[in-house]
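Scroll down for the structure; my scribbles are underneath it.
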Amino acid sequence: SHANCAAEKTLTEGTLTIATGNPAYYPWVMNDAPESGEGFEAAVAYAIAGKMGFDADAVTWVRTSFDEAIQPGPKNFDFNMQQYSITPERDEMVDFSLPYYTSAMAVLTTQSVVEAGATATIESLKGLKWGAVATTTALPILNNVIQPESDALLYNDNADVNAAIMAGQIDAALYDLPTALYLSAVVVDGGALLGQFPADQSQTPDQFGLLMENGNPLKECVDAAISELTESGELAAIEAQWLAEATGVPVVE
Amino acid sequence: MSDTAQQTGLAGASPAKPTRREIYEASVRRRSNRIALFSTLSVIVAIVLLIPLAPGWEAVQRSFFNGRVFAATFPGLAEAFLLNVMIFAWSAPLIALTGLAIALCRDARAPALFPLRMFGVAYTDIFRGLPVVLVIYIVGFGIPGLGLPRPWNSPYIWGTLALVLVYSAYVAEVIRSGIDSIHQSQRSAAASLGLSDGDTMRFVVLPQAIRNVVPANMNLFIALQKDVALLSFIGPVEIFRQAGVYKSLYANFTPYVGAALIFLALTVPATRYADYLMNKQNKQRS
Amino acid sequence: MNAKLSLRGVRKRFGDLEVCKGIDLDVAEGEMVCLIGSSGSGKSTLLRCMNLLEPIDDGEIWLDGVDIAEPGLDPQPIRQRIGIVFQSYNLFPHMSAVENVMLAPRRTKGLSRADLMPRISQLFEKFGLADRMQHFPDQLSGGQQQRVAIIRALAMEPEMMLFDEITSALDPELVGEVLDVLRELRQQGMTMVLATHEMGFARELADKVCFLDAGMILEQAPAEQLFSAPKEERTKAFLARVL
Amino acid sequence: MSDTAQQTGLAGASPAKPTRREIYEASVRRRSNRIALFSTLSVIVAIVLLIPLAPGWEAVQRSFFNGRVFAATFPGLAEAFLLNVMIFAWSAPLIALTGLAIALCRDARAPALFPLRMFGVAYTDIFRGLPVVLVIYIVGFGIPGLGLPRPWNSPYIWGTLALVLVYSAYVAEVIRSGIDSIHQSQRSAAASLGLSDGDTMRFVVLPQAIRNVVPANMNLFIALQKDVALLSFIGPVEIFRQAGVYKSLYANFTPYVGAALIFLALTVPATRYADYLMNKQNKQRS
Amino acid sequence: MNAKLSLRGVRKRFGDLEVCKGIDLDVAEGEMVCLIGSSGSGKSTLLRCMNLLEPIDDGEIWLDGVDIAEPGLDPQPIRQRIGIVFQSYNLFPHMSAVENVMLAPRRTKGLSRADLMPRISQLFEKFGLADRMQHFPDQLSGGQQQRVAIIRALAMEPEMMLFDEITSALDPELVGEVLDVLRELRQQGMTMVLATHEMGFARELADKVCFLDAGMILEQAPAEQLFSAPKEERTKAFLARVL
C-alpha cells in the first residue's frame, strides 16, 4: 500500500534520492558512507525507504550543504537528512516530516575548563565563553536558556568550532548530544561533556525532521512511514543500536 | 567687448535670434530626450513585467525578497554592521601605520639594514599573494594556539592582525610607489640645505608621496571594509555572519539582500568619491 | 692657501662617462666666479660636486683649509655652509614660501619659527616678496619661485653660494628681477660661483670667468680679459656663437 | 675618444690605479657586507631558536606544520587547485569581454543609449560595492532557484557568473580610465580621415587604451585567482574547500598551509611581473 | 559660383568666446590659400570648421556647390573629401607608418591591403620614406612623422587639403623637408588651405593670403600684394613683428 503512495512522486521514478551532508558525521553516518546503512541516520533512511516500498538498491545518496538544502527552486533530492531541527520559521520555507529523533543538547568543553571550576549549573555556564555552529538551532537555545554574559562566537562547521575550543578562544560549545559525545571522545584533545539539557525537560525540544521542498507530495508517504516506524518500536531499536546511552552526562540545573 | 557685440549685430545674427544650428540642435535634443525617456521606460517596464513571469519567480521572491523576513532581520543586521565598522575603525589606522613602516623598510638604503629590506620584500610578496580568507584562517586559529591566555587569544585580535597583515602589504606597495614618484630633484634640494636623510623623508618626500596615493589607498580601504566580513569565519558575529544566522533561522536568503543594501549604502558613495579623486589626479598629471 | 674654496684635480665620472677631468679652481673670499661653456660641458656637475651633492671620484676640495672631499666625511654640515640654487627652483610644493625657507634652519639649527621670523621676513622684504610669504609655489611666478629658492638657501646663512643657470627656465621679462638679487648679494660681498649663459651679466659682475669644455677648465681669466681677448681657439668659437 | 684617454693619462690617475674614493668605498662595502650578513644571520637564528621556545609551539607545529599531514594532503590539494585554475580559465575571458562591453556602455554618447549608460553606471557601482562573498551567495543560490532544470542550476555556472559580475565591474572601470587617458587629438585625427565612431573606437582608441591598462588588469586577475577560493562556499570543492575537508578529516590546519604555498607559487611571480610592468609604465609617463 | 570651397558668414563660438566672427572666404580649384595671424586669432579653428571637425554655429560652407554646413548632415563622407594635417602630426602610435596610412582607405572604401599597396608605396617613395614604411611613429623623427601624416591624408585621395602649422613643432633643420612636400603638392595642382607662420614660404607659394585677426579676415589679397603693400594698420603691425 505504501509503495503505491510514492508512485510518480519521487525525483526519479522507482528511485528514492536522499541527501546528507558533506562530510556526514559520526554517529549519524559511519565512515562518511551512508550507502552502508551504518549509522543512525543511514539506518533510519533505509528503514523509511523500506516502508515506502523501496529496496536498498533503489536508494541513491547525494550530498548538500545547509544552504543548498534551503535554496529556492527544485531540489536534487527527495528528502534531506542531516540533523535538521524543525522550527516554525523554517517550516514556512520548506517542509519537514514528522520528527525521527528528539535530541538532548550537550555542553562540549575541555578538561582544563572543568578543572577551572565550571559546573553543570546555568549560573556557572553563563560565565563561560560560548561558541556554536551558526546554522544550527543550538544558537537559539544558547541565547534563550543559558543567556551567556558575553556574546557567542559563531562558526561555519564543527571543525572550526573545535579549532576555536583547542585554541582556547571559547570555553564551551553547544551540540546535540550524540555529536557532542563523539567530539569529546575522539576529536577534541582533553574534551569533556559538562552537562546536558534533556529533551523531555525542554519546552521546545530539538526535534530532527527530514527536509523537503515546500509542498512536496511525498510528505504524506514519508510521514506515514515514520509514524509506522515509531509505533512499531523499530525507530527506538535503531536509536539504541547506533546512539550510545548518555547516562554519564549530568543534567544541567 | 562692446566692439564685438556691435560686429555681431552688423553681421545680422543678433544673439536673440537662434542660428540654424541652434534650431536644429533644439529639435535633436527634443527628439533624443523622447527617445531616451522611451527606451528607459521600456527597459524598466520589461524588467518589471517579464521577470515575474519566470517560472520560479515566486519562489525566488519568497526566498530573496521577502518583506516580512526583511523587516524582521534588518535592524539586527544594521546592529551587526556596527561590529564591521568598529573592526574597520581599529584596523584602518594600524594598517596605515604598518604599511608606512613596511614601505620605509623597503626604502632603507644602509647595508646594515639589508635584512630589513629583505623583510619588506618578503612581507609584501607573501601577504599580497594569499587569499585573505586563508590568512584569516591560519592566523586566526594558529597564533592563539601558541598557548596564549585569554584575553590574548581573542579572534578579534588575531582576525584584526590577519587583516592588518594583508592590507598593510598592499598599502606599503602603494606608498612605495608614491615615494618613487617624487622626483630625485626634491631629495637633492633637501640634501643641499643640509637636511638629514630622515628629515628629508619625513618633511619633504613623505608628505608629497602620501598626498599622491590618497585615491589608491581609499580604494584599498573600501576593499577592507568589505573584507571585514571574512572575519566571521573565525567567530565574530558581524553582518555577514548575522545574515547567515538569520538565513538558517528563517531558511530564507533575504537577510543577505539586506546586508548587501547596507554595504552598498556605504561603499557606493565612497567608491564614487575615490574615483573622483583618481580622475582629478589623472587629469592633473596629463 | 688663502682661497675660500679650492679644487685640486677634481674628477667625476658617471659610469663610463668622465664629466670632470681634473678641475683646478680657486674661489677667493668675496669673489664672484662665473662658469661658462656649452651644454653638457659639466658646469652643473662641477657645482654639485662643490657642495658634496655628488661624491667626487678623485681630487681634493678645500674649504677654509679643510679637505671636504675626504671620503666618509659627514656631508651635512658642509652642505649647510655652502648654499646652492638650481635651474628648476625645486621648491617643496606642499609648503608655503615661508615654510620652505624655515624648514632647514628649524631642523638643523634647532631654531623655532619665532626665532627665525624676524630675519626671514627681512629677507623676503629685501627681495620684494614680503606679500608672498604665505603663498604656495604654484601660486607664484617662475621669477618669484626662483627668488624664494634663493632666500631658502640664504636663510641657512651659508658662507658661500652656488648658482646653476638660475635664470634659464624663466621667461625673458622675469630674468631681470632674479639678476637684481645677485647684484645685491655681490654688493654684500657674498662669495659666489655661478654657472650662467647670460654673458652680459657675467661680464658685468664676475671677478673671474672660467670657460669649461668637455669637463676641463680650458681658460680662466678676469671677465673683461676673457670676453675681449680669449686666448684659446675653442673659447673664441664658443663666444662667437653666444654673443 | 683617444683624445680623452690621453688627457686622463696625463693628469696622472691611470684607470688601473684606484682613486681614494674607490679605496674608501671598497672598505665600506666590505664592512657593510659583513654587517648585513651578520644582522641577517642573527635575525634568522633568533627566529629559529626563539619561536620553538614559545609555550604552545609544539601544539602549533603539530596543527599547522605537520609533515605527515602535509605529505598526505598536498597531492590532493594540488589536484583540487586544478579546479581553481579551470574556473579561472573560463572566467577570465568572460570577465574581460563583459568588462569591455560595460566600459563601452558607459562611453555610449547617443541620447537613445541613455539607459545603456545608466546601466553601465549602476552595474559598476553595485558590483564594486559588494563583498565578493555576498554576491557569490546571492547569485549562486538565488538564480538557480528561478526554476532552472539541471544542469542549468549548477553552482559552477552561477558561481562563475558571480565572479564575472564582480570582476567585470572592476575591469570595466579600469578600461574606461584607459579610454579616458587617450588624448582627444587621436579621436580628432581618426575623424578627420572619415572614420566612423565605431571604427575610431575599435582601431584607434581601444588598442591604445587596453595596452595602457594591462598592468592594472593583471593585478585584478591575480585577485580573481585568489577569490576563486570563495566559490567553495556554494559547493565546488576547490583547493580551499578541499583543505577544509582535510582539516576536518585530520583535525589539523596543515592543509591550509599547503594551500597557502600553492597560492604563493602562482601569485608571487605574477604580482612581481605586474609590479614590473606598472613601474615601467610609470617611468615612461614621467 | 565657381569656387571649390566657399565660406559665407561662418561663426563659431566656444561657450562665451566667439572664435570666428563671420568669415567669408573663397578657395578656387587648384588654388593655395594661406592663413596668417597671431596666436589665438582663430586659424586652427577655422580649418577645423572647414572639414566639419567642429560644427559651426552659423553661416554656410559650400563645397562644389553643396552646403556641407547643413546641420544633421553626415560629416563622414565630407571629411573623406577634405584632408587635414595637424601641427602635432597625431599619428596612431600603435601602428606602423604604412598601417597608419592604410587604416582609413581600408575601412571607409573597403579596399584590401593588396589593392592599396602599389599606390601607397608610391606615395612613400615620392616623399622619401620608402625605407620607413614599417617603422612605428616613435622610431621616426618629427619631420618624418609629419610627412607620414601628410601621406595618410593623401591616401584618401582628397579633393583638397588643409594644413595647420605643420612645421611649427619641428626643429629648424627638419622644416625644409616638409615644405618640399607642399611644393610638390602645389605643382600637382592640389587645392590647399594652409595656416602658417612661415611668411617666406607663404610669399613664395600662396595664390592668396588672408590675415586673420580676432576671428575676422581683416585683409585678403594676392601674396605679393599683401606682404609688400598691406592696407590695414593691424596687418602692417603684425608683419612688422614677424618678418
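Here the chain labels run A, B, C, D and E in written order, and each chain numbers its own residues starting at 1.
Simple rule for what comes next: contacts are C-beta pairs under 8 Å (C-beta built on N, C-alpha and C of every residue); 3 or more make two chains touch, one makes a residue touch a chain.
Keep in mind the model is a prediction, meaning the values are calculated, not measured.
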If a chain touches chain A and chain E alike, it appears here: B, D
Shared interface partners, meaning chains that touch chain A and chain C: B, D
Most remote chain, CA-based centroid, reference being chain C: A
Gap in Å, rounded to a whole number, between the CA centres of chain E and chain C: 48
Euclidean distance of C-alpha centroids - chain A vs chain B, Å: 41
Distance from the mean Cα position of chain D to that of chain B, given in whole angstrom: 16
Contacts with 2+ other chains: residues of chain E: none
Where chain B touches two or more other chains at once, by residue number: 56, 59-60, 63-64, 141, 145, 147-148, 253
Multi-chain contact sites of chain A, meaning residues that touch two or more partners: 67, 71-73, 163, 166
Chain pairs that touch, as defined at the top of this document: A-B, A-D, B-C, B-D, B-E, C-D, D-E
Chain C contact footprint on chain B (complex, rising order): 185-186, 188-196, 199, 203-204, 207-208, 211
Complex contact set, residues of chain D against chain B: 29, 32-33, 35-36, 39-40, 43, 54-57, 59-60, 63-64, 110-115, 118-119, 125-126, 128-135, 137-138, 141-142, 145-148, 173, 177, 180-181, 183, 226-227, 229-230, 240, 253, 256-257, 259-260, 263-264, 266-268, 271-272, 275, 278-279, 282, 285-286
Touching residues (chain side chain A, partner chain D) in the complex: 22-23, 65, 67-68, 71-74, 76, 157-159, 162-163, 166, 187
Sites on chain C touched by chain B in the complex: 48, 51, 53, 75-77, 79-80, 83-84, 86, 88, 90-94, 103-104, 107-108, 152-153, 156
In the complex, chain B residues that touch chain E: 4, 7-8, 11-13, 19-25, 28
